[in-house]
Amino acid sequence: MCLVGLASSALVLAGCASGSDSGSAGNPGTVSKAGGSLTFLVAADGGQNYDPQTNAAPSAPEFMMPVFDSLLAESSSGQTSAGLATAWRFAANGRTLTLTLRTGVKFQDGTVFDSTAVRRNIERGQTNPKSAIAGQLAAISSVDTPAASTVVMHLKGASGALLGYFAGPAGMMASPASWSKSDDATHPVGTGPWAVSSASVPGSLMVYTAFPGYWNKSVQKVGTINIRVGSESTFVPSLSSNSAQAVMLTGAAADGKTLSSAGMPVKSAGTSYQHLLYLNKSGVFANPKIRQAISLAIDRKAICDSLLGGACTPSAQPVRPGSWAHDPAQSVPSQNIAQAKALLSQAGHPNGLSFKIGVSSTGVQLQTELAAMQQMLAKAGIKVSISVMPVAQLLPALDAGTTQGYYSVSTGGADPAIPISTMFAPAYNPGGYSEPTLTSLLAGATAASTPAARQEAYRKVSAEYQSTAFNVVILNQNLKFATVKNVTGVTARDPLTLDARGASVS
Amino acid sequence: MIRMILRRTLIAVPLLVVVSFAVFALTALSPTDPARSILGEGATPASVRALRHQLGLDQPILQRYWSWLEQLFHGSLGRSWFGNVPVGTKITQGLPVTAALVLSSLLLTALIAIPVGLYAGMRTGGRLDRSASFVAGFCLAMPEFWVALLLILVLSEKTHILPGTGATSITGNVVADVRHLVLPVVALSLPQICALFRQTRSSTALVANQDYIRTARAGGISTHALVWTRIAKNALVPSVTLLALQLGRMIGVAAVVESVTGMHGIGSTAVQAALNSDIPIILGVVLVTAAVVMAANLLADIATYYLAPKARQQ
Amino acid sequence: MTLQEISIAPAAGLSEARRVGTLHAFGRRRLAVAAVVVFVLIVLAALLAPVLGLHNPNTQALTDRLRGPSWNHLLGTDELGRDQLARILAATKISLWASCQATVVGVVLGVPIGLAMGLVGGRADSVISRAFDSLQSIPPLILAIAIVAIVGRNLTPAMIAIGIVFSPTFYRVSRAAASTIAGETYIEASRSMGQRTYKIVLAHVLGNASSALIVQVSTTFAFGILAEAALSYLGLGVQPPSASLGSMLTSAANLLNSSPQLTVEPGVVIIVLVLCVSLVGDALRDVSAGELR
């Protein structure tokens, strides 16, 4: 008995010693040298790879937020604004894009941010076999660096979409010196306000401390950022007990009622969080009539009102309602079982069909919605079986044909071009299905360079996507985010990111 | 004594080898392709094949096991398939949390169950005995994770007395850590307290009724002295053995409690790994926990040895 | 009577007397009888649920979700408007069937080998015993999680894993019973008369071990219900669209604050089931312990 007691105290003490050694890490709301610490809570660890070029998972950008600045930024109306690049100009023939870089910017490891660094980032994004952004950078044939703060990109064709891509992960500039380090994926080095601290425990708690050499001190009001991974059921209790100070409310607590009744500010995020059904169009779903039948069999409004308490908007386009790329002229189809059955007969399936849909084992809300959709589809003669799988297996299963559908969320991107290009990428579009109208509209949209031209072009892509039911989008969840009372200035943006720039703890 | 310790430690090594090989052999049946899991979404068949070769997955299973053993001798448990993190790192990160949870639960269990069991066993049929036995029988049937959920509901969401999440990591701030540990520890301990209580009570009753005790009592030795000199030492032998068994059981159940309360211990690591079919982590966790249980059993045997001299003859 | 019959008859007579005595002693423990009655009622309700005129457990009614108990829905509705009572009965059936599977696996793996090793002894015995020891040094749930991780997440592999976890106990119990008998004189006598070993086993050993084994079966069954609940809660056991009591708690946990009844109801059923089985097991143990005096 005594031995057990001794052993236990020894082990607990040993545990304390080897745990986090940074005093303010994990300790909420304490004041440290640079002005307090802020803890964000997220549901997924982003795959423990925080390299923006190789990880396109929707949960990863939150972890990149403190570390990276992007070359450009974009407003919600599609206007490009300055980031690490202060000026951008397409040549008259559209075959060159010239960026003027901000001067005096350093990477968090002390190396200088200049045009060479930009060129090396672009080349890595194009040639790295694991790159998830190679498609976005494909239009760039070569990069010149005539001066330390000038980058000239030679393009294979007109590509206005690049302005959008550079507002997202393709524009996040990492220090080339960091790529050779073994922990590069979990400890990335960028030019952002907060650098990854050695006190981080990848997979459960990432700690970021203020980078003293940051170029924009006015937004760097908090000394330490903690991003903790916890399940959605712990979101509300954590905020209530102040073990976290900000969280994007996904999951069952999405209405934020408990928190706002406790006096905590709950704000609308205005972000994309589309629930959609990806379909493998290399088989029976190559026929648009069958896809449209699925779309018509589902009562989006019922799912929205009953299962999400109305905190969502039914949707059928690849971008969220309210986005500048969304075509307001197209109305969302309402449930029409008779029409769905008719379409199925026309497509040669008068007795309906059956197929399998995969869904993530951690997505309890999605599983519930899928179960409701299963019953709706059954009314139209479509028998769906649900296959719950770990995240890593979902896309390979869709690709291999084990499942024919994949119900998931799309979190948009800094620019609509990003999620749209993802949806046509091989991973989400096994078999490389294409449709001539959609392909040519997409090419036109990628080329367009002025905000007005881009808006018109992307709206056309969006409308065509809806009418052919390229994938079946169900709704956009109107996410809210909550902070504790003494924290102000946290902002929300796509994709599913809470930004601490400008936030302060009082 | 020393010989027993040496013998047990030496036997532990081949036992662990057997355990690890059994788990490794089962991986030959695994339906997941780890290369696919690592490379993730846009993997081309060519890159998958290349990674399989690089990881040695195209080799026969005995060869893979041998290289894994070699790796182990150099102090490495390999890297995880999902996230490519060193397994040893994940385990050392989670170990303090699970250790705090399990050891605190063990301590709480012993502190409550043993005194109450001793007292109830000395006065079988009395009020304490009857009420404690009734409660114990009832609480034994409760699933720990369900108890944790109800505690979260009552103590955290409705009343805000305790934080709703367990300790995600041991921060060294004792007050905060204890606050975060109370809920999971209580949930984990509840059924074990009942089981240990019943064991202690019945073995105490058994010893207390034996002839030599009755004789001693009749001879005028006070009850208090009796309890500590004879009854407790003999009655506690099965209790200590049970405690060691409970340690093993608790490590397993801790996995569920950690998942419910959002703690990042090796248990929840194992659950995540199971959901992702991440075999290297599972292998590492099995090995580490088996070694811990073997060590605990050894400690219990040593304690028994000192508690009950009569048992030495067996 | 032939020599054969003489040697078997005494054993048969003894077990006969023992069996009648057991039932009688059992009946005296009223709590255990009540437990059996409750358990049987629940099992019957679960098996007969489809014909009892209850709601269909799978029918959704999105406008009727998360309601509390009412005359129409005695235990309320869940997050998709399905009747809780019907769902709980369907889930109970699956949980009970799962625990049966685990117990059967434990018995099949542990008992025959245990009996054999108890009789034979020697090197094979010590090797096999060591193997089962090493199996027991892995924490039970961790072993089950590991097996499920490798073989696949589904109810049957999970239950086979739980059965493997329980087999060392069955092995030990049957081995102990067999080795006690092995030394007894009437076995020696039977052997010298030319009886084949396996007939001796069947006649004597099983009779002796049966009471201890029955107690162990009830304990294992109770733990099996708890273990299946834990694994299914984690998502490693039963997979949708089937639901067990444990997996019902997974979705209920997300609605803990707003609809706690969804968490309480399946948990109470688990507790009642485990309690009934444990009470029966306790009573059986007391009765068999009483016999041995």
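The chains carry the letters A, B and C, assigned in the order they are written, with residues numbered from 1 in each.
By definition in this document, contacts are C-beta pairs under 8 Å (C-beta built on N, C-alpha and C of every residue); 3 or more make two chains touch, one makes a residue touch a chain.
Remember, predicted model here, so these are calculated numbers, not experimental data.
When each chain is reduced to the mean of its CA atoms, the one lying nearest the mean of all protein CA atoms is B.
Farthest from chain C, judged by the mean position of CA atoms in each chain, is A. Rounded to whole angstrom, the centroid-to-centroid distance between chain B and chain C, based on C-alpha atoms, equals 23 Å. Averaging C-alpha coordinates per chain places the centre of chain A 39 Å away from that of chain B. Each chain gets one centre point, the mean of its Cα atoms, and the points for chain A and chain C are 47 Å apart.
Residue positions of chain B touching 2 or more other chains: 152, 157, 259, 275, 277.
Counting only residues that touch two or more partner chains, chain A has 233, 236, 258, 361. Residue positions of chain C with contacts to 2 or more other chains are 235, 253, 256-257. Contact residues of chain A toward chain C in the complex are 232-233, 236, 251-253, 258, 302-303, 306-307, 361, 364-365, 367-368, 371-372, 375, 385-386, 388.
Per the touch definition, chain C reaches chain B in the complex via residues 130-131, 133-153, 222, 226, 229-230, 233-236, 246, 249, 253, 256-257, 260, 263-264, 267, 270-272, 274-275, 278-279, 282.
Residues 60, 62-63, 65, 79-81, 235, 239-241, 250-251, 253-258 of chain C are the ones that touch chain A when the two sit in their complex.
Remark: chain A residues 1, 3-5, 7-8, 11-12, 14-21, 25-27, 45, 47-49, 56, 129-130, 132, 185-186, 201-205, 228-231, 233-234, 236-238, 240-241, 243, 258, 361-362, 390-393, 395-396, 425-428 touch chain B in the complex.
Residues 32-33, 36-37, 39-43, 47, 82-85, 90, 92-93, 95-97, 99-100, 103-104, 106-107, 110, 114, 152, 156-157, 160, 162-165, 168-173, 176-177, 180, 236, 240, 243, 259, 261-262, 264, 275-277, 299, 302-303 of chain B are the ones touching chain A in the complex.
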